[in-house]
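This is the structure I have questions about; it appears just below.
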Amino acid sequence: MSTSGPQKSLQRHPLAGWLMIAPAAVLIATFLIAPFILAFGYSFTNQRLISPNPTEFVGLRNFEQLIGVGTLVLSPETDDAGVVVRDDDGALQYPTVRSFTRANDDFPHLQGMQEWFGWNWGDDRVVVLARDLVFMKALTNTLIFVAVVAPVQSALALLLALMINQKLRGINIFRTIYFMPVVVSIVVVSLLWRFIYDGRNGLLNNLLEFLSFGLFQPIDWLGNPGTALWAIIAMSIWQAVGFHMVIWLSGLQTIPVSLYEAAEIEGANAWQKFRFVTWPGLRNTAVLIIVVITMQAFALFAQVDVMTNGGPVDSTQVLVFQAVQRGYEQQNIAGGSAISVILFVIVLTISLTQRYLTRER
Amino acid sequence: QTELSLWYHGAGNEVEREILLGIIEDFNTSQPDWTVVLEEFPQAAYNDSVVAAAVSGNLPDIIDVDGPVMPNWAWAGYMQPLQLSEGALDGFLPGAIGEYNGEVYSVGLWDAAVAMYARRSVLEEYGIRIPTLEEPWTLEEFDAALVTLDASGEFEYALDLGMADQGEWYPYAFGPFLWSFGGDMVDRTTYETAEGVLNGDEAVAFGDWWQSLFDRDLVPGTSQDMADRETGFIEGDYALQWNGNWFGVQTLDAVGDDLLFLPAPDFGNGPKIGGASWQFGVSATSANPEGASAFIEFAIQDEYLAAFSDGIGLVPATAEAAAMTENYSEGGPLEVFFALSEAQAMLRPVTPGYVFQALEFRKALSDISNGADVITALDAATDAINADIERNNGYAVAQ
Amino acid sequence: MAGLELKDIRKSYGNVEVIKGVDLSVEHGEFVVFVGPSGCGKSTLLRMIAGLEDITDGDLYIGDKRVNTTQPRDRGVAMVFQSYALYPHMSVYDNVGFGLRLKKMPKPERDKKIREAARILQMEELLERRPSQLSGGQRQRVAIGRAIVRNPDVFLFDEPLSNLDAALRGSMRMEISKLHNQLGATMIYVTHDQVEAMTLADKIVVLNAGIVQQIGSPLDLYNSPANLFVAGFIGSPKMNLIAVTASDATADTVTISGPALPSTTIPVATGHGIKPGDTITFGIRPHQLVRDEAGPLKGKVLLVEQLGNETIVNLDLPSGDQLVATLPGSAILHLGDTVTLGFDAKNAKLFDTNGDAVKPA
Amino acid sequence: MAGLELKDIRKSYGNVEVIKGVDLSVEHGEFVVFVGPSGCGKSTLLRMIAGLEDITDGDLYIGDKRVNTTQPRDRGVAMVFQSYALYPHMSVYDNVGFGLRLKKMPKPERDKKIREAARILQMEELLERRPSQLSGGQRQRVAIGRAIVRNPDVFLFDEPLSNLDAALRGSMRMEISKLHNQLGATMIYVTHDQVEAMTLADKIVVLNAGIVQQIGSPLDLYNSPANLFVAGFIGSPKMNLIAVTASDATADTVTISGPALPSTTIPVATGHGIKPGDTITFGIRPHQLVRDEAGPLKGKVLLVEQLGNETIVNLDLPSGDQLVATLPGSAILHLGDTVTLGFDAKNAKLFDTNGDAVKPA
Amino acid sequence: MAAVTEPNHVARTTWRYALLIAVAMIFVFPILFMVVSSLKPDAQLLRDTSSIAAFLPVGDISLDNYFGAFRRAPVGLFIFNSIFITLVTVLISLFLCSLAAFAFAYLEFRGKAVILSIIIATLIIPFETIAIPMLMVVNSLPFIGANGVQWGWLNTYHVQMVPFLADALTIFLFVQYFKDLPKELIEAARLDGASWFQVYRLVIVPIAGPVFATAAILKFLVMYNQYLWPLMVTQSEQVRPVMVGLQYFFQLNTAWGEVMAYLSMITIPVLAFYLVLQRAFIASIASTGIKG
């Protein structure tokens, strides 16, 4: 250190820095963070949207309610002789889960739980029960949705961005067309896709039938628990891909042309130019896109609200939809807030992991 | 003059606005004290707007409220009882009177009713008896009719229940089936539990039958698109349609004299349809409740009831008014609906918890129709409803 | 075999023509240096040969193939960019090895080549750095390394040594020369350094404003510049050029005189076409001026630059012309001193009214 | 008044110290040139003076003010970046005028200055262009223009002429020199061009690996290099350095001999500290070698470089050492010829075992 | 243009266009459906949804739905409100967010990393889940307007704008982009005497054209499609935006043709905005080589 004591760095500009971020920071604190903290607070109370009853602190009850799980091992029914009973098809018979979860004083901790999933363990059947089955399904569906949408959508968006970043006459027209689904409100697009997915004579079924020369059997895309989530996934990707295409495009433009020239001379083909010049040059953009898509995927709401309402049989329940349903429709702000908080914690964990993995080394 | 604000859910409907503005103008000129000012909201957003306003303390003087929601708002303290003169509600259809906790909080200028839309020619062709109010279809009869119609191969589906409409339609239109089976969404004696009524044997019987409709492909499922709902019956793709009176005129125009509006089937405990539609009430925060009540009392005059009915096709709230209308007067094309309302209408559970119960009922129905285990689905709804009641201290009225 | 043939090559940016019909043929294995003032089109020409710029008009052959529309990667060229164009996200090692990697050269072989190049370029200790952590000269060396590992048919160098110090430049020059001998590849080299041009080139191309002024061996250009431009451009300090009048002309001499210069007779080749009375230009290189008390040129010292081994003197002639002379050693001169200089008539150059050189005897 | 004072300035990047304690004082109005091999820290030093890099340790004074933590804009310096750093979105005119605009100079005055700079830099016709439409040399001139219009107290030039041709470089050198005289500003200049360094500098600072090797006037450095590094670095072609043994030493002479050199006695100043038997280095500049049939150095011609006015000859000595000689004119020599060279003993330099110069007599 | 019309070049270009067009087909149909449907009467519109006719202007074509839409709702007013609210918000937010991002990307100061992390974390919060608390917040804020200080922001334009002036996505977008710009430009400007704000305004903003265009487009979309919030805070028709207006068309019997007409009309401003900004995009492509 020099004689004049510790040096102030030239690169530090606290005053200018704070002044520049202050307006945005204050706004975000007021309109995002403060409400969120309120919501966070609600999640520990029994706050209702509408109620003459006073709000009470309930501790973690809302969370326990949401994430409570239990297991139950069912042994096959036996007859008086202790021999297992089989039905006509030879399948084992088990007591109903209901008999344990409803008014069964021997299993008070299972009261009101529902079967989530189960498997066979020898002759026994293990059942995992959830206190809030809808929430659990919403949670798993959300994770599936994110896991599929985030990579697929970012990759497709990049592909589109590369396609329309060419120097071609009329490329603007295509750029505009690719962006169109984003321009139309998601609510409207969702309505439109209900027509397309219609199980009887929707366009998709008609098209597939036509393409397969009539071999294809129409599927009730949104009415079938096996396909509904995938239908929503496909439609969501289709709808939002233009949004992220635009972000990729702006990233593409920061890559200096001279690097492509150098690579071209060194014998790189199109893929190699992408792999070694474009992709590394898009690093910052990629981080942005992945984070944004992940966040947006977690926030899935409108499509479900308009297209399936969480059905059929909860196959399209997702967290935000549940948060909204509980908060507004069911007037249970506390419950909705608790879901928001759980969502926040999950996403924060994921994004911290993401940032840790993609940190600059 | 004191201004009274009035919120109404009909934004975007010109006819309603005209009539309402007419009433307001008449009222404003009829007395010197009050001036009513109208603010309209789109229906889909109305409840949320009111709740938001309540949360922020911005309610108007007079609010428009959907009948079954009223107890909830009254309980929450958004509304206060009306101050109507004695006998003002004489002759009103029960569905048009919003009573909660022994007080009248709201009153409707009309009621709505649902009926089974059918074509006389079709029923005759397949030899299906045309039911009457006195002798409605029984469960077996109705089910058989559906099977017959389906078996004919003429129709894509025998019956359209309107599963495309995911809102209040389910409890409004299908709740009465449950009631007719003998179940309910909540035990109406105490309003404190759904156990045994929503998951009792009657309810399970209803659920099984309900599921069978879908399993047998007699009716389109929840993924039905809105276009099909609107055109399916008219185009002849659906043989029967369970639909509200607001579609009556439109369908009549398309189908003509062949169209029949049939009463609800009797599933064992008498035929039922839902009652209560939009009604007017006074907000709890109104500084001028007497003025607000005065306006409401002014608005429920027969001529206005008739005007509304003529304008938007709903069932006028009194027989006198019905007589003055095009559609519900004697020999009018929709006359039958007035009769249906009178004879079959039953209110949805009059409890603040109804709002929640309706949601659970809706979810259970749609899960069942999509193959969920009937008992499990009804149990889940029952538990959820009970939990909600408990969370709200039994929806006891606050002191 | 990769000779090069440029036939009436032209290039326009919008309305501006920057290359105005260049004809040039380069033998396989030749070392050609492009020189010319800043902005004359050297880089543009190189970029056209590399395939990075469309050729507006004319034909370009590499080997026997017309390559006007061949992709850069298929031309078999390597290029060192004036602006380096290093890949910012790759280490020096990877930057240099990139082309080899694209060629799928096995790792050990690649490694050998890279380390060899690093050794030649004296940057072995920099291999792990990123370009952003390098100094200007270090970056330039990486750019050179990238080209030389690749063994192309044609090397294109755009001022590759401009940011290096004299010593390094000297040794790099050596290395490039060696490389040229070893590989026998065709090399095209742009430089502003006269020493580089003179020492490396088999053939120098002098460009000015998009037009080739002269093509020839280094000594040709130095000794027999084709015109005033080349005369002024080649050689440092530049040739003194003084406007004079031809007072007399025989078949093989021209006698000139002017305000700056008493009557002098210069031997020239026959057929020179100069008529008495023509205003022509007389040229003499600073190195060819010697102190000679009897010499014809006398002037006041304006500026003295001591280079150690020699001294550059700027003189003000009474005519107002300026004269530069390079005197050996550290001549002791002061501003204002009067110096008299002479020269050998056979070293003098004459340029006719068009600026074209008059052939010397 | 803006002299400059560097006191034990140090700079580290992470663990690597690249400037290792530089002490330097620059008088107001002085012209200081930094030279040194590529990567020795010249740019880093300049950037620290400009305030673009934190000073890791030491004190920097501009005028009388310690400026270690003063913001760049408050230091009154202008800088020409090695990589130009032109604003891509501004025309040349605006690039040059940017600093003036920030100073709120009235438009007409600004216009005058910009046009004046453009005239000096010979780029009047480029004023409307964007940087991307310029050649390398043209960009460099814009960068210079941006600095000179601003009349700062201290100018920092980082290899400002490296991309210019000899002629232009000559005239730019002239202009910078003129500017220096006119403005009387302090100038710090990095270059690799020996001519530039020698002609422009009042004082040259020779750096190597972050350490100052010698500070002195150009002729000092040339004539009395302080150590082997400076001897080898200054002068082109570089000084011949040959390892020899001191066979004898008196108070004012040293007699050396070695395989390459027969016994020769060199006059030196007293107190030289060389003992007989020491292995020392003998140095002689290529220009100081003359053809002399009786000379001590005889070798085979390895390489001949014809520069026109002089010829550079590389010789292989029988000892295996190499020797470079610069002979005047176009000496006619062929590879393999044997050449004998002599020198004046008082031109010879000796360096002791540590590489430090032995004072000449 | 160069005279490059070699056969393989033509083939390549043809392929490119073929691919572009194929992909375009996948994306173009919602707009096509919307516009075509807006010209059809309800019955036909619904009948056509199951066939290719949905995309063809066949049958009974007229502009009736447009007149109908205007009768049903003050379409002009809604569009004006939305454009006004959106444009003002976009402009201010681009400024505030890019300024903050500038500081995050280039200035060092204590606390920066923490604040940036918190801001980015707010990306996670779906608006729906904090709408009610936010309502309480705005309801308790003062506003200085024409009538002096007022408490509560409901039923105004600014309540629809202010909460969205700064958002994490926009800031994040700018930060990531700024990181890619060459640092030397900033250094040069600092030496030229620019203050930080001048560096931002005169150097960074002009060369960051593409990201400004991108951020503007994205923000425009988000703002223009606002639904839940305006619904909660606008009680008067005078300040309602288009998406709330859309609900006017969903009655007991939805007027599908009018819905489509209305949607077509409200989509025009978004498309126009996109097209205008796309120009900025192209212009900035021309001046690449920023880093070079």
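Chains: A, B, C, D and E, in written order; residue numbering restarts at 1 for each.
In this section, a contact is a pair of C-beta atoms (placed from the backbone, for glycine too) under 8 Å apart; a residue touches a chain by one contact, two chains touch by 3 or more.
A quick map from chain label to UniProt name: A = Carbohydrate ABC transporter membrane protein 1, CUT1 family; C, D = Multiple sugar transport system ATP-binding protein; E = sn-glycerol-3-phosphate transport system permease protein UgpE.
Note that this is a predicted model, so its numbers are computed, not measured.
Visitor: Taking each chain's centre as the average of its Cα atoms, which is closest to the average over all protein Cα atoms shown?
Guide: Given all protein C-alpha atoms shown, the central chain works out to be E.
Visitor: Please identify which chain has its centre, taken as the mean of its CA atoms, farthest from the centre of subunit C.
Guide: B
Visitor: If you average the Cα atoms per chain, which one ends up farthest from subunit D?
Guide: Of all chains, B has its centre farthest from that of subunit D.
Visitor: What are the two chains with the most C-beta pairs touching?
Guide: Looking across every pairing, the one with the most contacts is A-E.
Visitor: Which whole number of Å gives the spacing of the CA centres of subunit C and subunit E?
Guide: About 55 Å, centre to centre.
Visitor: If you average the CA atoms of subunit A and of subunit B, how far apart do the two points sit, in angstrom?
Guide: Chain centroid spacing, subunit A to subunit B, equals 36 Å.
Visitor: Could you state the distance in Å from the CA-based centre of subunit A to that of subunit D?
Guide: 63
Visitor: Subunit B to subunit E: how many Å between their CA centres?
Guide: That pair's centroid distance is 39 Å.
Visitor: For subunit B, write out the residues touching at least two other chains, lowest number first.
Guide: Touching at least two other chains: 48, 55, 225-227.
Visitor: Any chance you could list the residues of subunit E touching two or more other chains?
Guide: Residue numbers touching two or more other chains: 49-50, 132, 136, 195, 246, 288-292.
Visitor: Name the residues of subunit A that each touch 2 or more other chains.
Guide: Where subunit A meets two or more other chains at a single residue, that happens at 9, 11, 49, 195, 198, 200, 202, 256, 258, 281, 328.
Visitor: If you look only at subunit A, which of its residues touch subunit C in the complex?
Guide: Subunit A reaches subunit C through residues 256, 258-259, 261-269, 272, 276-277, 280-281, 283.
Visitor: Sort out for me which residues of subunit B touch subunit E in the complex.
Guide: Those in contact with subunit E are residues 7, 10-14, 39-45, 48-49, 52-53, 55-58, 225-227, 230-231, 234-235, 244, 246-247, 250.
Visitor: So in the complex, which bits of subunit B are touching subunit A?
Guide: Touching subunit A: residues 48, 51, 54-55, 72-73, 75-78, 156, 166, 220-228, 355-356, 359, 363, 366-367, 369-372, 375-376, 379-380, 383, 387-388, 391-393, 397-398 of subunit B.
Visitor: Sort out for me which residues of subunit E touch subunit B in the complex.
Guide: 42-43, 45-47, 49-50, 71-73, 132, 135-136, 139, 152, 154-155, 228, 231-233, 235-237, 244-254, 256
Visitor: Per the contact definition, I'd like the list of subunit C residues that touch subunit A in the complex.
Guide: Those in contact with subunit A are residues 47, 50-52, 71-73, 77-79, 81, 83, 85-90, 98-99, 102-103, 146, 150.
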